[in-house]
Amino acid sequence: MLNWDWDFTWTILPRLLSATVNTILAAGLGYAIAVVLGLVLALLQRTRSPIFTASVREIIEFVRSTPLVLQVFFVFYVAPQFGITLSPWVAGMLSIGVHYAAYLSEVYRGGIDSVPKGQWEAATSLNLSTTRTYFRIVIPQALPPSLAGMGNYLVGIFKDTPILSVIGVAELMHAANSIGAETYRFLEPYTLVGIIFLAISLPTAALIRAFEGWMRRKLGLT
Amino acid sequence: MSYFEFISQYGERILSGTLITIILTIIAAALAVSIALIAGLMRLSPNRFVRSVAAVYVEIFRGTSLLVQLYWIFFVLPLFGFTLEKFTAGFIAVGLNLGAYGSELVRGAILSVARGQWEAALALNMSGVQRMRRIILPQALLIMLPPWGNLMIELLKSTALVALIAVADLTFQAKQINSSTFLSAQSFGTALIIYYVVARFLITPSMRWLERFMARKMGEA
Amino acid sequence: MTDETHASFPLRLEGANVPMVSFRKVTKRYGSLVVLDSLDLDVAEGEMVTIIGPSGSGKTTVLRTLMTLDSINDGVIYVDGEPLTHMSDGTKLVPANQRHLRKMRSKIGMCFQHFHLFPHMTALENCMEGPVNVLGLSKKEARERSEELLRMVGMADKRDQHPSRLSGGQQQRVAIARALAMRPKVMLFDEVTSALDPEVIGEVTGVIKKLVSEHNLTMLMVTHQMGFARQISDRVSFFYKGRIEEQGTPDELFGDPKKERTQQFLSAVREAV
């Protein structure tokens, strides 16, 4: 391969690997926010007010149809205008968390919709409270069909973390950019970043598929 | 500065950025659709080598980030003697990336056409190519159009990353205006709204129209 | 399959009274399940043979292997004197290649339980599809041929409708016209009335009766309509576990079944009705 420099590779690899830890951390934190906020967004769509539901839906649509990179810029640069200065990490976690919450809320919604109407009626006939109905009856049944989508977005959020480099979150892409700027060598850092991403996302995707299959078998769905 | 003043002063730049974004989206979409079709069919080929080539393409482009791919194509490919103009690098990266996702839609749709359709076409003694082209693909098209609608929105959003290699698209203009004026809410907010309008009132309705049009054409409406 | 077993089969069937369809020691397995068990079955030119039997007896597999939708594991099927599943390499039979299969398939037409009309084409387009794209007919010729056949099955007035607008019985009649438009020598009917509402079964069986009385087609039919089978068949074969348990004229088989399994099956069917 064209002047691939192995010595250089070994020099930058530790730096890239330590940045990978930040990438994984960013993906994990962002996903944690998205999982919880997504559920809130899904449940907010089930209120009795059609106007409220429609507004929540439109906000979700807005988040889903605008670029993450622009949302990251918006959060990072607009907050100071209102007197709140966010660190790159906080701004990054917030924007990626909200972005994926919008996607996950759709996954949950599909899951909740897949619970048969009879289950709600049975819960009502047992005089369960709404909260109990959700947490004891509906969500446990809505979860398995949501798992595939949730897994896909976990891999998705991981692959979107490089976007956080634009506001200086010191993740993998940011490290590769810095190396490129310092050494004027791009072949090794960018190729290594690609390989590291593949090395993580392919096994993760396979693991998620395996987990899904295991879950389905465990619940007697297949 | 009022928002009105902001628009009258920077409206032209925002508009030109929007235009670049739309053109980029259309070209990248054409590339993504063609590649998705080719790779999707290749993944169903009886030939193992052909299948593997397509699978490697799909796994690489789905397994890494678009930003990594974009930088690689723009900064690393020139080292191999392929220097691409930034606009070209932009639509190629977006097209290849979304094409990989699209190929899965193509493959899934083809596989979901009822098995009986294959058998009926075989019973009419149609060749493999005829079966695919005349019987299976038209039906698969109808099945895959709705998910393609979502993919087109993803594609529009993906084009925003080309701002990072200095293609003067909407995101790039917003960023430039922001750094010269510090009017972050106005510049980024306006750009966000434009993306939303393009997605919600241009792309989504056109895809819906296309779905209805195809459904009517195929007698299913 | 070994070359020895190939060698025992003739390269082609010759002489007087060559059957239109001939299964010679045909075995078909799905995994460890034997669906056709060294089956021998001949159908003469112009003959209408109905296959009956319990589910899993291999009756549909006979039609599917004949249409080459399923491959066989052993034996040879001949159509019109020529091997279908195999071809001659000059001295012995070897498994057929795609080219040979396409040549042989042109002799056979098939109608399915669930019609399988192409949903994106009108009734007329469904019928023209094969003649234009496979037989290479001009659009004009194909249209004339298809319109005539649609008239024959009583669907001329619906020729511009898509399948989604047609009832099951209407779809099945179009499917019959579509298969006939290819001018096959052998027609296969695989439970063509099983998916239909009772009140429209007659319109499909009516078309098949017309075919039997007016055309000299060789036909194989799998059906659960015992009355219909008795009316129109030249011969009825009762299948059990991948073999022919008993066969004869409709009157022999339905009127005076010899084998105990045949009797049990027929009385079970009668009770169900």
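Note that the chains take the letters A, B and C in the order they are written out, and that residue 1 is the start of every chain.
Here is the rule we go by: a residue touches a chain if its C-beta (ideal position, glycine included) is under 8 Å from a C-beta of that chain, and two chains touch if they have at least 3 such contacts.
Keep in mind the model is a prediction, meaning the values are calculated, not measured.
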Inset, instruction - Can you figure out the chain closest to the middle, judged by Cα centres? - result: B
Inset, instruction - Please state whether A-B or B-C has more C-beta contact pairs across its interface. - result: A-B
Inset, instruction - Report back the single chain whose CA centre is most distant from the CA centre of chain A. - result: C
Legend entry - Between chain A and chain C, centroid-to-centroid distance (C-alpha), Å: 55
Inset, instruction - Report, in whole Å, the distance between the mean C-alpha point of chain A and the mean C-alpha point of chain B. - result: 21
Legend entry - Distance from the mean Cα position of chain C to that of chain B, given in whole angstrom: 46
Inset, instruction - List, in ascending order, every residue of chain A touching at least 2 other chains. - result: none
Inset, instruction - Mind pulling the residue numbers of chain C that touch at least two other chains? - result: none
Inset, instruction - Would you tell me which residues of chain B are touching chain A in their complex? - result: 59-60, 62-69, 71-72, 75-76, 79-80, 153, 156-161, 163-164, 171, 174-175, 178, 184-185, 188-189, 191-192, 195-196, 199-200
Legend entry - Touching residues on chain A, where the partner in the complex is chain B: 2, 61-62, 64-71, 73-74, 77-78, 80-81, 159-163, 165-166, 173, 176, 180, 186-187, 190-191, 193-194, 197-198, 201-202, 205
Inset, instruction - Under the touch definition given earlier, write down the residues of chain C that touch chain B in their complex. - result: 67-69, 98, 102, 105-106, 108-110, 112, 114, 116-122, 129-130, 133-134, 161-165, 175, 178-179, 182
Legend entry - Touching residues (chain side chain B, partner chain C) in the complex: 114, 116-117, 119-128, 130, 134-135, 138-139, 142, 217-220
